[in-house]
Amino acid sequence: MTNSDINRLKDKAFQVFGIFCTFIGLVVLAIFLIDIVAEGITRINWDFLTSLPSRRASRAGILTAWAGTLWILVLTTLIAFPLGVGAGIYLEEYGRKNRLANFLEINIANLAGVPSIIYGLLGLEIFGRQMRLGGSLLAGALTLSLLILPIIIVTTREAVKAVPRSIRDGSYALGASKWQTIWHQVLPASFGGILTGIILALSRAVGEAAPLIVIGALAYVPFTPSSPLDEFTVLPIQIFNWTSRPQEEFLTNAAAAIIVLLVITFLLNGIAVYLRNKQQKKIRW
Amino acid sequence: MSKKENKLEAKNLDAYYGDFHALKNINIAMEEKAVTAFIGPSGCGKSTFLRTFNRMNDYIDGFRIEGQILLDGRDIYNKDIRVDELRKEVGMVFQKPNPFPKSIFENVVYGLKIQGIKKKSVLEEAAEKSLRHAALWDEVKDKLNKSALALSGGQQQRLCIARALAISPSVLLMDEPASALDPISTAKIEELIYTLKNEYTIVIVTHNMQQAGRVSDYTAFFYMGELVEHNKTRTMFTSPKDERTQNYITGRFG
Amino acid sequence: ACGGGNGEEANSGLSGTIQIDGSSTVYPITEAVAEEYRTEAPDVRVTVGVSGSGGGFKKFTRGEIDIVDASRTIKPSEEETAKEHNISYIELPVAYDGLTVVVHPENNWVTEMTTEDLKKIWEPAAQGKIKKWNQIRPEWPDQEIHLYGPGVESGTYDYFTEAVVGESGSSRGDYTASEDDNVLVQGVSTDPNALGFFGFAYYEENQDKLKVVPVDDMDDSNGKGAIAPSLETVKDGSYAPLSRPLFIYVNSKAASTPAVVDFVNFYLESAPELSQEVGYIPLPAEMYKEQQEKFSSFAKAKEAATQK
Amino acid sequence: MRTSEKIIEGLLWLSAVITILVTVGIIWVLLSESISFFRVVPLSDFLTEKEWTPLFADKKFGIMPLVTGTLLTTGVAIAVALPIGLTIAVYLNEYAHARMKQIVKPMLEVLATIPTVVYGFFALTVVTPFLQKIIPSLAGFNALSAGIVMGIMIIPMISSLSEDAISSVPRSLREAAYGMGSTRLQTAFGVMVPAASSGIVVSVILAISRAVGETMIVAIAAGQQPRLTLNPLVPIETITTYIVQVSMGDVPRGSLEYKTIFAAGITLFVFTFALNNLSFWIKKKYQEKYD
Amino acid sequence: MSKKENKLEAKNLDAYYGDFHALKNINIAMEEKAVTAFIGPSGCGKSTFLRTFNRMNDYIDGFRIEGQILLDGRDIYNKDIRVDELRKEVGMVFQKPNPFPKSIFENVVYGLKIQGIKKKSVLEEAAEKSLRHAALWDEVKDKLNKSALALSGGQQQRLCIARALAISPSVLLMDEPASALDPISTAKIEELIYTLKNEYTIVIVTHNMQQAGRVSDYTAFFYMGELVEHNKTRTMFTSPKDERTQNYITGRFG
């Protein structure tokens, strides 16, 4: 064999390996989804969605878990949305290119890389202990809000940056103040992008268990929360709890709860992708 | 028409982008209800100068001026001048049509709305008046609630002019308002400028010598940040005093 | 934080919150009781946490919870803390447990163990030294031994170390320690080299995944040779030294709220049935009677005290 | 009106500055608790002792077992994700059709959106039993299957970021390589990968940082036994699992037990902080090389 | 010089990018050891055509050809032609210098190394030879291990030529090799081309008519995907046959 034959062979071999690697990820994903669906789908029914937890797997449901998840979603949005969008707007529209802006940027990049469990420790000490919120919904939502803040800030900045200068100029030239320009022009024009970012961030928050465990979210809460100061559980924690039980039936429950969690996650991601595509089509500055 | 006053004036104006000296000791006075054209090669500072008249450069990091800009004799860079009031007085139209991604109606009344005017009838009246003024009314009167982005480029530019007129300015700044448009739309805009000068003081930046000749009463020629020559348009184009002007208007460079 | 109910109304009209925490061993009973109680009084919110008897007592003695599950009696140090926080309480035994030693079902070499063997494995001196099965008995294989046991917050841990090592709270630290016995079951049931221990209920529930190890206390007076835990052996006391009672402790302040009184009464009524259902050994019937009476006089006294 | 502008700007400024407060809060919380921890436990013991039994009667405070546990799962994860992720990046860039790339890349990114508890479930109920068929001595909790699953999770991190890095290498370099008669493989590994190396390194560092801080997968599947070992077949404990384990019980504030999770937390934070800043620095330093 | 053969030939060549018909029925034959220049307005297909000679378009999605390209009489799009072998025969130099981000030495010997040649002495010898050939040796001989990116643009381009020469091709394709360079570097490259044509068949794309005149023996003029005219350079520039050629070389468009 000549050298060039060998090279060609290696080239082909790598191609095969490349296809293999590309598909192994997808195949694992498929196996995984199929496995979970096969295990859990039969368990999903109205009772499962509307029952309180129980010591008997066949009677246990995820009412409290998804109610908690919903609460967390709403509260987290209420907290993180204004903060994240506000910070994003400040950095993009007001922040001068100075030391502070530079520092803020590095700082946000760093926050994005802090492990979620560290946010749990922060939440435990500040919200749980010092603010005496304990393991309440509010403490959980505050913790998760901080966790997803960097994601929202970064996507807000990108969306705001994408609004062309000419729109701002047009508004200023008509006598609009900076904030009027932002409020009437920049925000409406970048809203799709901002929304995409928030939904992506929420889909991250929905799946988090570790920080909530650290602040003390309970596994057995046999009632749906009725105020932000109530104790709670969420789907990931319920799944974690069931997964750590040895009995088959509870694993089936875990699989079923996973299906519900995945549906929520994929739905959120799907909406985000849809909004992003729509936004990209709409804008023809 | 009564005797004309100096509407706009620049006195010993220097402008800087950080260290870059973009305008050098400019002195000029512009008459009321006349059209003044700024010409000059790319990068000579026409836009920079134009934008000092409504302080559009305020938000650019590192930009600063020395000297004075007077509007009706008042220094617009004075502390107690409010930028939003100034901009109601000095409207601006940009090179690329930049309608807001809203309805045609919302575009026209935007300036009024941010002033806090909410009454529907007032807004509607103002919108019709401005659109008529901008020679656009007949073309859009049936689709005021359609998106402004659906208009053609030339219509968009006239919409931007209507938008500027809606807040009743006395000065209109135009930065190459027709350079992104086709010849037919350009002609419409030029025609419009011609009618508008009865009521407004207009300053227009243009690259197109013919355009300057057609629409302006006065022309100012800039070169590398300096005001080289300022004169009646006719005089300037037939007998320029400065060699650089001569070279420029005969197409030797730029 | 305990909500005040409007006690004048009937059972079904009760409302409020009852916070329970503590032993993972007792958890299955309390969980079952709480669940059944839901049909009794749907508006009473009962939360049950698992942080081990020790963890539970910590919260209880600070007055953070109403009832603590405990797989051992309260320690003097904990009594002390309770006093500091002005907390009085009542202790109510609810069932018996046989603390169960288990290995992986495929483990074919262990058929029984003596308390000596267990001590050799678990005493503090074993830490980092006893790592293989054949170090315990030479005839056992030269394979690693992986240990699973409750964490230090658990009463089971205290009880086991007391009974086996001889001193409560003294053991090696290099084993998989979890307050959640489910994790231990899962560990042992999936690890052929595993050895672990936990409450009988967790063994009962998972018999097919675990192999129980009969324990020989080398005292023939209470049954000869190695004895496996079961309903009978625990009841008749032959499963020694690893049999023990399980308790709940009720805070006196909580005992003055109707919801808690009602709940505890319900607990004692249903404990015989439910403790057996989840895998424990009920107390003799007359003992439950006794506890109920003890509690009602306790509750009455408290009620009288608060009404003054 | 001007004052309301100022107020609004102030509020926006505040929300931006909150991010600094968050960082300060994290550092302050971690430091204040762990400083009082290190008053009891000398730092030298913390770093050099080989056992971690802070909850037991015979207390040992050597963080090493938790660190090795963390590095072990991370190592397995990277060993899985790096070759696969990088191969995917190269394959999509050099071999695959543009359309295929457009379809495959977002599909792979789905892997990164799945909640980590779900991966934990997968590791425990699918991967471990499967591996036990191949390696009978494998314990039910082990670093291997947690690491493998974690590796799968971070594949898209490496593949997407590396793919971006490779495709931002100027076309002209690829053409130069082809023009010399290189095969696609030679072009990829001789020219493109070296030219994109800083971006690839950044992606790997970020992936490592992610794996180090990952919690639920290891908490579910890797075990809870601090053990100084590099054997991936037995139960171990990572820093994150330890924090979860203690949090699951009661953590009375002020107790030594409470402080240990902050000492473990600050160790974790130092690792990820260093990694993140390293990646940041590499990105800044080697960016714009081709502009 | 002996009688010259046709080194390269295109027969009824059509090329497509998807639906876009980029080259239309091209027929041309190029002589051995001569320089042929491709000229024509932007977008006319010069680069596309040039790149068919070493099949550089192979990896572009949707690109396909009809017809034949012959190198020494063999169809290079034939199934049993191996692309890597072809490209060793047909070297290429690009518009923007594109050295690898490696040392100068590594750049020059890259082609040999990928062929599996590892012996240090062989590589060093080849590197020196090619660098001398490319008139770069004296400038870089003391810094062979320095990064190629530290060289000036003109040096980088000569390095790219040296790199192409190192694998001993017989044909050199050059796509506007001097258009990104300053006049002095351009002169050096032109000089180099002039010396190289004694050994190599060279095809060069250029926008610069003077350059085509200076370096090439033959010139081919393309217009909108068609080969309009192909002739001796002198003839073409003095008496073009086609009106479009005439217009182009006199600067009327393009």
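Think of it as A, B, C, D and E in the order they're written, each chain with its own count starting at 1.
Everything below uses one rule, namely that a contact is a pair of C-beta atoms (placed from the backbone, for glycine too) under 8 Å apart; a residue touches a chain by one contact, two chains touch by 3 or more.
Which protein is which chain? UniProt says A = Phosphate transport system permease protein PstA; B, E = Phosphate ABC transporter ATP-binding protein; D = Phosphate transport system permease protein.
Predicted, not measured: the structure shown is a model, and the values here were computed from it.
Engineer: How many links in the shortest chain of touching chains run from chain A to chain B?
Structural biologist: The fewest steps needed to get from chain A to chain B is 1.
Engineer: Report the pair of chains linked by the most C-beta pairs in contact.
Structural biologist: Summing C-beta contacts for every pairing gives the maximum at A-D.
Engineer: Of all chains present, which has the mean Cα position farthest from that of chain A?
Structural biologist: The most remote chain is E.
Engineer: Find the chain most remote from chain B, comparing centres computed as mean CA coordinates.
Structural biologist: For chain B, the chain whose C-alpha mean is farthest off is C.
Engineer: Could you state the distance in Å from the CA-based centre of chain B to that of chain E?
Structural biologist: Measuring from centre to centre gives 51 Å for this pair.
Engineer: Can you give the whole-Å distance between the Cα centres of chain C and chain E?
Structural biologist: Their C-alpha centroids are separated by 85 Å.
Engineer: Just how far, in Å, is the C-alpha centre of chain E from the one of chain D?
Structural biologist: Using C-alpha averages as centres, the distance is 48 Å.
Engineer: Touching two or more other chains, which residues of chain C qualify?
Structural biologist: In chain C, 49-50, 180, 183, 186, 189 touch at least two other chains.
Engineer: Can you list every residue of chain D that touches 2 or more other chains, as numbers and ranges?
Structural biologist: Answer for chain D, listing residues that touch two or more other chains: 124, 183, 186, 248.
Engineer: Name the residues of chain B that each touch 2 or more other chains.
Structural biologist: If we look for residues of chain B contacting two or more partner chains, we find none.
Engineer: Looking at the whole structure, which two-chain pairs count as touching?
Structural biologist: Inter-chain contacts occur between A-B, A-C, A-D, A-E, C-D, D-E.
Engineer: State the interface residues of chain E toward chain D in the complex, per the touch definition above.
Structural biologist: Going by the criterion above, the answer is residues 54, 56, 59, 61, 83-88, 91-92, 94, 96, 98-102, 110-111, 114-115, 160, 163-164, 167.
Engineer: Quick one: which bits of chain A touch chain C in the complex? Just the residue numbers, please.
Structural biologist: That would be residues 52, 54-55, 218-223, 231, 244-247 of chain A.
Engineer: Which bits of chain D are touching chain A when the two form their complex?
Structural biologist: Residues 1, 4-5, 8-9, 11-20, 22-23, 25-26, 29-30, 33, 83-84, 87-88, 90-92, 95-96, 104, 106-108, 110-111, 113-118, 120-122, 124-126, 152, 155-156, 159, 183-186, 188, 206, 209, 212-216, 219-220, 240, 243-244, 247-248, 251, 253, 261-262, 265, 268-269, 272-273, 275-277, 280 of chain D touch chain A in their complex.
Engineer: Would you tell me which residues of chain E are touching chain A in their complex?
Structural biologist: Residues of chain E touching chain A: 82, 84-85, 114-116.
Engineer: Touching chain D in the complex: which residues of chain C?
Structural biologist: Against chain D, the touching part of chain C is residues 21, 49-52, 55-56, 58-59, 62, 124, 127-128, 143-144, 146-147, 151-153, 169-180, 183, 186-187, 189-194.
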